[in-house]
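In the two complexes that follow, chain A is the common piece, with chain B as its partner first and chain C second.
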Partner chain A sequence: MSKKLRIATTSLAGCFGCHMSLLDIDERLFPLLDLIEFDRSPLTDIKHCGPCDIGLIEGGICNAENVHVLHEFRKNCKILIAIGSCAITGGLPAQRNHLDLGSCLTEVYLTEPGLAHGHIPNDPELPLPLDKVHPLHEVVKIDYFIPGCPPSGDAIWKFLTDLIAGRTPELGHGLIKYD
Partner chain B sequence: MSDTFQLDGASVPFEPGQTVMQAALAAGHYIPHLCYHPEFKPHGSCKLCTVKVGGRTAASCTMPAEVGLNVESNIEEMNGLRRTLVQMLFAEGNHFCPSCEKSGNCMLQALGYDLEVHTAGFRHLYPDRPVDASHPDILLDFNRCILCELCVRASSEVDGKNVFALSGRGITKHLIVNAESGLLKDTDIALTDKAMQVCPVGVILPKRVGFSVPIGKRRYDQRPISAQALDDAPRQADASGSCAACEGTP
Partner chain C sequence: MMADNEIHTADLDPILDRYARDPNALLQVLREVQELHGYIHPSAISYISVKLGIPRARIEGVAGFYSFLHLQPHGEYRVLFSDNITDRMQGSQALMEMMCQQLWLQPGRVSEDGLVSINTTSCTGMCDQGLAMLVNGRAITRLTHQRVQEIGHLIRNRTPLADWPADFFRVEDNIRRSGPLLDNTIAPGDVLHAALALGGKDIVEAVKNSGLRGRGGAGFPTGLKWEACRNAPGEAHHVVCNADEGEPGTFKDRVLLTRQADLVFEGMTLCALAVGAQHGYLYLRGEYRYLLEPLQAILQRRRDNTLLGKNILGQPGFDFDIAIHMGAGAYICGEESALIESLEGKRGVPRSRPPFPVTHGYLQQPTAVDNVETFCSAALAIQMGAENYRAIGTAKSSGSKLISVSGDCPRPGIYEYPFGVSVHEVLQDCGAVNTRAVQVSGPSGMCIAESEFDRKLGFEDLPTAGAFMVFDDSRDLFEVARNFVHFFAHESCGFCTPCRVGTSMLKQTMDKIAAGHGTQYDLSEIEHLDQVLQTSSHCGLGRTACNPVLHTLKRFRPAYENRLKSLDFEPAFDLDGALARARQMTGRDDAGAHLKPEDA
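Right after this comes the complex of A and B.
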């Protein structure tokens, strides 16, 4: 192969479970690294995304910083993949979507027992939370989706190797999971 | 020699009065479906079973079988429409599979798997649908309701209780409980009712048994729904009515 594909990854409103699952492809990481190299990723600690072939994004969009990072990925990645339930449906963080954000913050930081003298965090460095949590495809165009909470290492391996080989990625029974 | 119609190029025999779906399942041909249940009168609401007949689309669960029909089901055009329907159902309710105890036994999820639905695609509605945990033995989680009316039909036709009904129209249509308080605890529903066994998703759940079968060892974890639906359908030779789709029944 002439040139390695460049891949960026990030976790937005996620739990890094999908990244753990990516590492769960275990020794297949070695053949994978013959084909790809990592750009911005928690694995490389590169802070910003350069031009890439594939962007893998875990987690949904719950605050202003998530939106900026997602746009950076969309701008730089030829192919953008939403990985995991949160990126695809909003997932666990989206379970607050039917509640009012103000009352959530009030209950968590002010009125809930055990947080006496608490206050709603207001440091200017903290990104502002969005009114609702959104899946990625509601903010930018997403090219592919790998469902699962998290998708198994086998599912990620099958999907990436299909894609890298130029096949239409398919998961099939046993690999496609929503839970 | 019984009459036949064509389904995806195969000859399917049928008895007078059978629908395309009934004849197809009885002859061992799977047509994807969600609100259809072999023990109940067809409802025709989910449209997952839509097939192409003579160039037009029709719900195969309500379409009467006729001699010489040319039915196309397992074609990309129909499967594409089915995929969209499944996506719309996922976007309309709150189907959070990672926390659902029906995961692995859910027909909606299994159809999504079978049709390779990777995303709901549409904008999620995130409706506000509080659960009803009032009953000591039964939980109602309305977030997952797909309005198939199977519980309504089972409660009225088999249990004779009319515990459930649909109320409202269009996007505000929703499942209600037939009690003045609106709460399940004020009905005469029982764990042994047919209505407890027919929910294709995770709305009507017996309490305290949710994870007795672990995730990964459940019905549709074993084999895809397309390979199992035929087990549930009454055969012409054995129309005993026993139904593997109904949990808790032999």
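Right after this comes the complex of A and C.
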């Protein structure tokens, strides 16, 4: 049997819904694990990504740390896949794009009662937010897109098994959903 | 409203009457209203709507489709600079800029006093006449700095177009090399006498035997087309001559209609005899508006000489007449089914084929649609005899072909060659030196490089509708392709999504590369777009829109790569700049508050 493919996954500015959908492939996880092994992923808690065959990223890019993680994935993964609406278009987090970041921070930390301690957090440990939320393909090259919010377990299964078998992934009728 | 109606009774009724209040003539009516008023006024639309029984929405839809028709005032003088790449190479953009400055206005806008508007238009078919523009639909050639300034003065003084110097409007034929077609000595009626001796069935056989193939580019065997039309059942057959010569860089039909109009009409009448048609239409592109009156005079002379009308040449039952329909600035109408839609007074949207026009054409009747040069060649083939005609050219491309040469050469103009002539030979004849590339058959055709100049024009190798644009080694082939891509995006009819969106995305990608933001990734996006356009477009426009880019990418890839920001992926925005607002709000400036390019 040929070498198992290594897959890394992460959620950036997303809700982990796409990861939940990945788990929705249910008992097919067992045959899948005969073919692949996970590198960095919320499922393994490995903190940094090593050389991988496939990277699966949900969520868009909303802060500096997202950019670092995305760059780490791009550097290590031969194939990078944007999964779900947020990764492909920015999705729900991008709703803030029509607001000025400064006024968002001011309202949350300075003027809104109850939340603030009187200053905008500036600890160097914290990643700075970008002025806008961006889809992944505006920051690095993305090889494939799986649309849906989230895409169904069946769609993810079809896509991964196509890739693993060396077929160009194709989501047929019923598997492509945009919501 | 009452007042409007009274005005329109006076000014619009004569136009409507001239077209017998036929709803199919809507485009012609709108074109004449535009000529009369400078634009199509809402009250004129209401009036036409009532008189022709066409809903207002459809009239506005038609008027909105054609770029020479305006629903808002566009100035007393509407100036359009021809914007083909060959125009740009001669400095059309600088001239337009100068004229805008002279008249104090911006391109695409009407001057405050409503006097003038200046904009660009797709190739006007004057590529061999120096720089060209249209003023209120009339072509003005050989533009220079001085001439443009004079035009500016004439406009400012509100001099009527009819009083402008006649020399401005002179269009030379520039025939540089002639052959059997341009040298023919056929007198009006000669071919028809020969044709009457043959009869319809034998005409079709003779045209088939001549090996004649359509000269509009696609090269469908003309005899087969006529036979299919002849055999198609219908109440009335039609003959249509496609003179919507819109492919940038092509102007041979202009010259044929100037020098050989009798032969064109003779060919159409011949076709009418072959297919059994009584009505013929010449669809003349709007840019050639100046040819309308001369052509109408020739038609009248032919009627007077019993070469058109009832009982042609005294033959009982041989009835045929030709009407001229003007286009109004839409490249897509060169596609035969879009042309027929336009003839019927509709938006020029290509039909789904099959059924083909030979069975379901104009008014759903059998219709033979052929190019201007095809009709001339058919007439010539009948006159010479099929075997003699077939002896010219090559095995699969019989006869001769008119080539419209333009671009970087000292002798642009019309060259007639037997099929099978090499690109090299044409270049030599037109005096081109240091040639880097030739665009054969226009943007939808083929861009070839020096190593291929021994290739031959003909259906076996390089099929061509006639355009032959020469680019020397000072030219940037990326800019050539970008001009063509803008052309297709502008001319997409908007009916199908792949073409409407795809041509615009292609344009944006080319503009991104031109602005220095492009990457290798954008080049592969172009290839992907090409696949979408080729496989899912409704008609040939979308299917060929990527050709200029693909052909130049293949042969002149460094012209693209030199403009790329990097061969790797580049973000669409400045990553570190996107953190500036957060840095400002938090007062941070530590290493973690920055994203450096090397993070990538």
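Note that in this section the second predicted complex is superposed on the first by the 173 of 179 C-alpha atoms of A that agree within 3 Å, B and C clash if a C-alpha of one lies under 4 Å from a C-alpha of the other, contacts with A are read in each partner's own complex, and residues count from 1 in each chain.
Convention: contacts are C-beta pairs under 8 Å (C-beta built on N, C-alpha and C of every residue); 3 or more make two chains touch, one makes a residue touch a chain.
Since we're looking at a predicted model, the values are computed, not measured.
S.K.: Using the superposition on chain A, tell me whether chain B and chain C clash or fit.
M.R.: Aligned on chain A, chain B and chain C clash with each other.
S.K.: Using the touch definition from the top, say if A:I120 reaches chain B (first), chain C (second), both or neither.
M.R.: Second partner only.
S.K.: Of the partners chain B and chain C, which touch A:E138 in the superposed model: first, second, both, neither?
M.R.: Touch partners of A:E138: chain B and chain C.
S.K.: Does chain B (first) or chain C (second) touch A:H98, or do both, or does neither?
M.R.: A:H98: touches chain B, not chain C.
S.K.: Per the contact definition in the header, classify A:H71: touching chain B only (first), chain C only (second), both, or neither.
M.R.: second
S.K.: A:Y178 in the overlay: touching chain B, chain C, both, or neither? Say first, second, both or neither.
M.R.: In the superposition, A:Y178 touches chain B alone.
S.K.: Does chain B (first) or chain C (second) touch A:P129, or do both, or does neither?
M.R.: Second partner only, chain C.
S.K.: Just one of 3-11, 129-137, 147-155 or 219-227 in chain B hits chain C in the overlay; which is it?
M.R.: The superposed arrangement places chain B into chain C at 3-11.
S.K.: Once the two structures are superposed, pull the chain A residues common to the chain B and chain C interfaces.
M.R.: On chain A, the overlap between the chain B and chain C contacts is residues 132, 138.
S.K.: Under the touch definition given earlier, write down the residues of chain C that touch chain A in their complex.
M.R.: My answer: residues 521, 569, 571-573, 575, 578-588, 590, 592-593, 595, 599-600.
S.K.: Show me the residue ranges of chain A that touch chain B in the complex, using the header's touch definition.
M.R.: 82, 85, 88-92, 94-95, 97-98, 132, 135, 137-138, 142, 144-147, 149, 170-174, 176-179
S.K.: With touch defined as at the start, can you tell me which chain B residues reach chain A in the complex?
M.R.: Against chain A, the touching part of chain B is residues 90, 94-100, 103-104, 109, 112-114, 116, 118-121, 123-124, 126-129, 215, 221, 223-224.
S.K.: Could you pull out which chain A residues touch chain C in their complex?
M.R.: Interface residues on chain A, with respect to chain C: 64, 67-68, 71, 74, 100-102, 105-106, 120-122, 124-125, 127-132, 134, 138-141.
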